[in-house]
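Paired with subunit B in one complex and with subunit C in the other, subunit A is shared by the two complexes that follow.
What follows is the complex of A and B.
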């Protein structure tokens, strides 16, 4: 069964915390990966690969460029699950 | 009609039971180029480059010094370290993307310079995986009886393809050559290689522009560029599978390695690969990129040479080496350190 948006957000926050040490509560849907969370394009690829494994989805390289905010990623993953 | 007499049996070569690296050599460009020397045109800082790549300095060769000059210096050291004469070489293999002529080969020039004539000599165009491709070929040549000793070289002058304003790869590029002599051995010193290519990702890293465009005046000069994030994703998460497979076919566990020497592309790739492989702390991880920069085909032998200088106790231990780069191409094997 597909996870809810809140569950995807919590899972993403966990991945980001493991890879960068950023507090999970800082990972909110309105946050920009680069400007607010200081996640660069290289670290973003690690987050994407871990998210693929965790949520069982595929996120192609060309889609990663469109994931500007945490909310973008949550929407994409939720959409890809259903 | 006369009967056709049966064809005589052919004789096929029989090679050595095993092969191994007998000696290594290294040559780096004489110029030590710091981050502060190159940050201006890319509007960056020493901190930004170190954080993104781990590189503090890169070694570059001055005008007039070409890849073949660096190759000659490294080769002479490797041949001496192996304890053989150049005229005993049965083949000279050079991996390079820096030869200043499309033909003839850098390998033939090198063979002539070091006194290896008339050994067969050829270049390999496998970019950053080229040294591992050459090691795979040398191992096969020695064990097939096609050559007793093979000189394997990675030689690059990548600074000639660096664009001062490029923020994707140019600030990593460096000049150097690494050489190895591979010869017969009673025990296995080079595992089966796991190697391949993925041409569907041809455009991710490499030359921007062609010599035809240069001739027609469409570009100033073909220069290097890459899609950094996509290359990173492939170099870590696809190459970790290749590295695991190389250990498997070698029959070796990660905790039995003495060293891990991935292509020195970027320290973040090196570190993340090591992390994903869950290497124990006992395995020494090559970090020559931090002071040498990215020398493509030369980076694995250069990093290995440095590890053995800094940790002579590694001699005789096993090293997992993996090259990956433009093509895309990749190659990995476990070798016994000389």
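What follows is the complex of A and C.
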């Protein structure tokens, strides 16, 4: 069963927190991965690999560059799940 | 004119304690760091050796979750020990371009490598984490310490198996003498209480099989010794020129007066039975120290508790010191903490430094019946070193025929 957007957001926040120490409550849909959360490219790829496993989706490499904000990632993962 | 190099900070996370002082206190108290392993993989993989000496304080208690996730346990240990050493040195305000790191490991990021391979085989290439390479590389510990302390002079890693971190300290001496830095954090780390090295060292019959009595398994110089006990952890020292240390009013533990590094070119794993390469390393360290063999008052031996290695080291010491070697208080501290492989030399160097400070040669555990072929002056209790100035050496030897020795003077 597909997760709600809030559940995907919470899951992403947990992945990001584990890898970077960024507080989960800072991971909001309007935040930019690079500008707001200071997530570098290797960390972004780590988040992608972990998110694929956690949510049972595939996020193609060419799609990753379009995921500018946390909201972009939540939308993509939610769409890919359904 | 050579510079005086001094030790101004120490740190350790070891099977004896979560810090250098705790490790030293436990060592003097005659405690053992070895115990039966409780991990499921011991039985699942039918390991022939079921015990080891794990770090007494786990990294989970010392580091942030993000640090635990982005650093191999080897680097985690290195970071914990180096932060302690840096604190102990007084968190020096230094020119970061003049702060260097010399940090060793014998194996590198073994946990990361093996778990990434498991992921690859079980789940496919898409699941291999992007941080795998920077976590498993053998220079990862040096890089982690350099990043953490903003050390920009250099971050070097030499790899010479069980001689690695003694060689790192010897290299730091040379690099301070050469003027490449004013202050260096040196040391070594190993996270080797892992099923693969346990199985592999057991396969070569290097490990003790005293599964029913882990605490008495590491018994250097005892007639019933049957191999080493796997340890793990890290130790770090802050080394600086005396001029630099005095200028900032640092406390000084001891003077690092020299190091010697040689190769046996004899056999990939067996020591030269005459110990000639090891003897040359001791002589080289003393030569750099400008000291005669007669001045040495304490030896922290490599003595891993293997039947062959302990005898070979004795022959090396006998060759250098002659009959006087039987009067020098010797400590084989692996009886307590096991063998930390690439981290062991730095831990033992710290113990040599503290022996000079406290004028106490620490005990050698489990020495019930001393091997008559090794009539060194060892004791299961601490031996007093006396108030006179002291000169100590700490020896480490590694597979590949690597020999490294460092020498310290009391202050």
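Here is the rule we use: the second predicted complex is superposed on the first by the 82 of 82 C-alpha atoms of A that agree within 3 Å, B and C clash if a C-alpha of one lies under 4 Å from a C-alpha of the other, contacts with A are read in each partner's own complex, and residues count from 1 in each chain.
The criterion applied here is as follows: a residue touches a chain if its C-beta (ideal position, glycine included) is under 8 Å from a C-beta of that chain, and two chains touch if they have at least 3 such contacts.
Just so you know, these numbers come straight off a predicted model, no measurement behind them.
In the superposed arrangement, does A:64 touch subunit B (first), subunit C (second), both or neither?
First partner only, subunit B.
Given the touch rule stated above, what does A:26 touch, subunit B (first), subunit C (second), both, or neither?
In the superposition, A:26 touches no partner, neither subunit B nor subunit C.
Look at A:45 in the shared chain and tell me whether it touches subunit B only, subunit C only, both, or neither; answer first, second, both or neither.
both
Quick one: classify A:81 as touching subunit B (first), subunit C (second), both or neither.
neither
In the superposed arrangement, which partner chain does A:18 touch: subunit B (first), subunit C (second), both, or neither?
Second partner only.
Overlap of the subunit B and subunit C footprints on subunit A, residue-wise?
42, 45-46, 49
In the complex formed with subunit A, which residues of subunit C make contact?
64-67, 69-70, 123, 126-131, 134
If you look only at subunit B, which of its residues touch subunit A in the complex?
52, 227-230, 232-233, 236-237, 268, 272
For subunit A, which residues count as touching subunit B in their complex?
40-42, 44-46, 48-49, 61, 64
Provide the residue numbers of subunit A that touch subunit C in the complex, in ascending order.
Those residues of subunit A that touch subunit C are 17-21, 42, 45-46, 49-50, 52-53, 58.
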